[in-house]
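What follows is a set of structures to go through.
The same chain A turns up in both complexes below, where it pairs with chain B and then with chain C.
Coming up: the complex of A and B.
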């Protein structure tokens, strides 16, 4: 412990920060994309069109029972095959880019479950009231149900995002350089595992701890508004 | 698309004389072993922590809270790397060398995954105990039970039944999370998946098979706990889901 060498961290900080930036970029992309697709899936699942409902159920169940690492690797390998099928020429996309896609698709399944319980938490009477006022299905959803569902579920959506932020570290499986990947690569070169892994753990802890406290405060504030 | 489907490769011989499906079966075995062992660690420690956080003792609550905060806010893969590469350097030298040389990988992996999951189970157990009315504890104390006895005979039996659905999903999660232990050298299902892809490039077939394996594992775990839930239900006391979600 006494020979904990802070200069290793200082010397590599730029590389680590670059990794952290990538982690944040993937998190934000997957959060926005995931919530959008997730909401669509939730609407499909609660809607009255049977094939769409089955699709949504299948989608959510498949992605929720498979380990994320496996999905990351599978998409990384399969995506170029699919692209080649569409465009007709080989299109390598690289580990870093495929992660944006994978996390968006994967997290959509989880966000969809959250949005579904959010939509179901809105009293049926409100939907009936919307129809009675002459709103179409789309208008009822857009102006009445979804805004409330979204607000009620905001703390849960954000908690899921904190989990997502931690899960980005699994791009280790395809060798992309996220925050953890950066630390791991420095370790391979400099052989200072103690400093590097500890730094990653501490930084992750500080960020996630602060964010989860913020979510908790938000939760109490939203509870008052309701 | 010019992908070459070949389902028969599962029956081909590999370098070590086994067939590819043997690799998958062996991976399945390790996944199950790691998951169940970690689940045992997590249930035990998670229960202790969950109970600690509901006691009137401030320092026990603080300790339990701190544990949950730390273990929930660091990614699993980072935690595993800490146990494998950092902790042996921080403990006394003799112990560190023993951890690095003699301690089987699987033990460290199980401890790592178990401690990670324990934080989640502690949350559930705490929520279960807190959902009981205060009268239950008071009645227990009035009957002459000690604090511990109110847990043992009154509160925990109720709390576990209440949180069983939540524990079911943790039990299913642990099978998925066990895939991360490949990174520290456990030869479980995901490791074999990766290895078979490197050897054969039959990505689609193996992805379908391994995905189905995880699907089945999650399903079996779900049914098993639904069965336990049905068997332990106290008639008329808890009206909950049948665990069939």
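Coming up: the complex of A and C.
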């Protein structure tokens, strides 16, 4: 066992790639869905309708106070029961599918805080200008405030997405096979932990590094537009 | 056109407007002046309901602004407004700034809106800048675009809220020139400004405000010739003597 044997990577590449694909799919789904729901939550929180504001505050505080692993487990267990209540028949959805849902809902709490500060960073005069032109509240948000808030917050949103990408490894708790989970399963069978985990770490590093470079480039580009 | 009657407004227990009454008739140019914090901007923002008020009434073209049944977006789309800090939308080109409200609010086609926008842009002398973003223009240029953007909605009257006070001195005149031209064409205008030269040239009436109240509301000649109130006299002496 003293020699490193990286052939374990090549031999299991297809399985690892399948795991990586799943990780990326959940990341993109939770990013898009999370930003959409997060934006709605931010608008509720900043709006004037009290019950909606309370709902948004409660939502964000609950999900930010519970460990992600626990939320993953809870949704995996509860979701089929809820679906059964709705449809009236047992509806197993599986670990892999429940993660899409869980991460979207969980990340929405974080994205909503980012969008909230983005919306609040837009000068009040911009909103007044939208209203003065005859825009409704919805039009002012859609055409004036949100595009600017989104653009201002893009680097932070992407940084959050990098964290999300790494956090998906926590689906090992419910036995789903993401990139890390795939490596973990192979390791338990082939007993090559050092080679496998090193490779996995390098791949995570490369992807996250490229993403953070992208964030940097976006930051300078946005600085020019402003 | 604009009738302001006994309007009072409070921020909590602090009264910012006290029983303000005045009117702007069709084709009239009314200049509102006064020291800072006197409520000028607040009053003009009550006209298109950007600021709510607790007492009194504002009627624009026969429509009561404070009536909860009033369709405010529709009313505002007919009242042009120009702000101290221009408030062009920084994420859109000049063309889009001019066109978007025409398309989304008035329901014009994009081609029609762009054509109308570019025509007005030409009028304020900035046709060459249509494809640029607001951040690439000077303050004076941005303010002229903002005036064109408001005019593109074919407003029945125009509100100006200190349109030149955020500008460098050498840019003030290019904006005032556009406003003078507009006044001479018969546009109904209510202007909060300290530009007394502008007031002298085109105003029909001048309103002087102090501590939230309208202290003086007089024809231009009367206001500059012999203001009745002592406060207006001192104010004029201060801003005209250098």
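Following the convention adopted for this analysis, the second predicted complex is superposed on the first by the 224 of 226 C-alpha atoms of A that agree within 3 Å, B and C clash if a C-alpha of one lies under 4 Å from a C-alpha of the other, contacts with A are read in each partner's own complex, and residues count from 1 in each chain.
The working rule: contacts are C-beta pairs under 8 Å (C-beta built on N, C-alpha and C of every residue); 3 or more make two chains touch, one makes a residue touch a chain.
What you see is a predicted model, and the numbers here were worked out from it, not measured in a lab.
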| item | value |
| --- | --- |
| Overlay on chain A: chain C relative to chain B, clash or fit | fit |
| Touching partner for A:144 - first (chain B), second (chain C), both, neither | second |
| Which of chain B and chain C A:134 touches, first, second, both or neither | second |
| Which of chain B and chain C A:85 touches, first, second, both or neither | first |
| Contacts of A:126 with chain B and chain C, given as first, second, both or neither | second |
| Partner chain(s) touched by A:193 [first = chain B, second = chain C, both, neither] | first |
| Which partner reaches more residues of chain A (counting touched residues only), chain B or chain C | B |
| Minimum C-alpha separation between chain B and chain C after superposing on chain A, in Å | 24 |
| In the complex, chain A residues that touch chain C | 123, 125-126, 128-129, 131-136, 139, 143-144, 147-148, 151, 225-226 |
| Chain A-facing residues of chain B, complex | 1, 3, 69-70, 72-79, 81-82, 85-86, 89-90, 172, 175-180, 182-183, 190, 193-194, 197, 203-204, 207, 210-211, 214-215, 218-219 |
| In the complex with chain B, residue positions of chain A that touch it | 1, 62, 65-70, 73-74, 77-78, 81, 84-85, 166-167, 169-170, 172-173, 180, 184, 187, 193-194, 197-198, 200-201, 204-205, 208-209, 212 |
| Residues of chain C touching chain A in the complex | 45, 48, 50, 72-74, 76-81, 83-85, 87-91, 100-101, 104-106, 133, 135, 149-150, 153 |
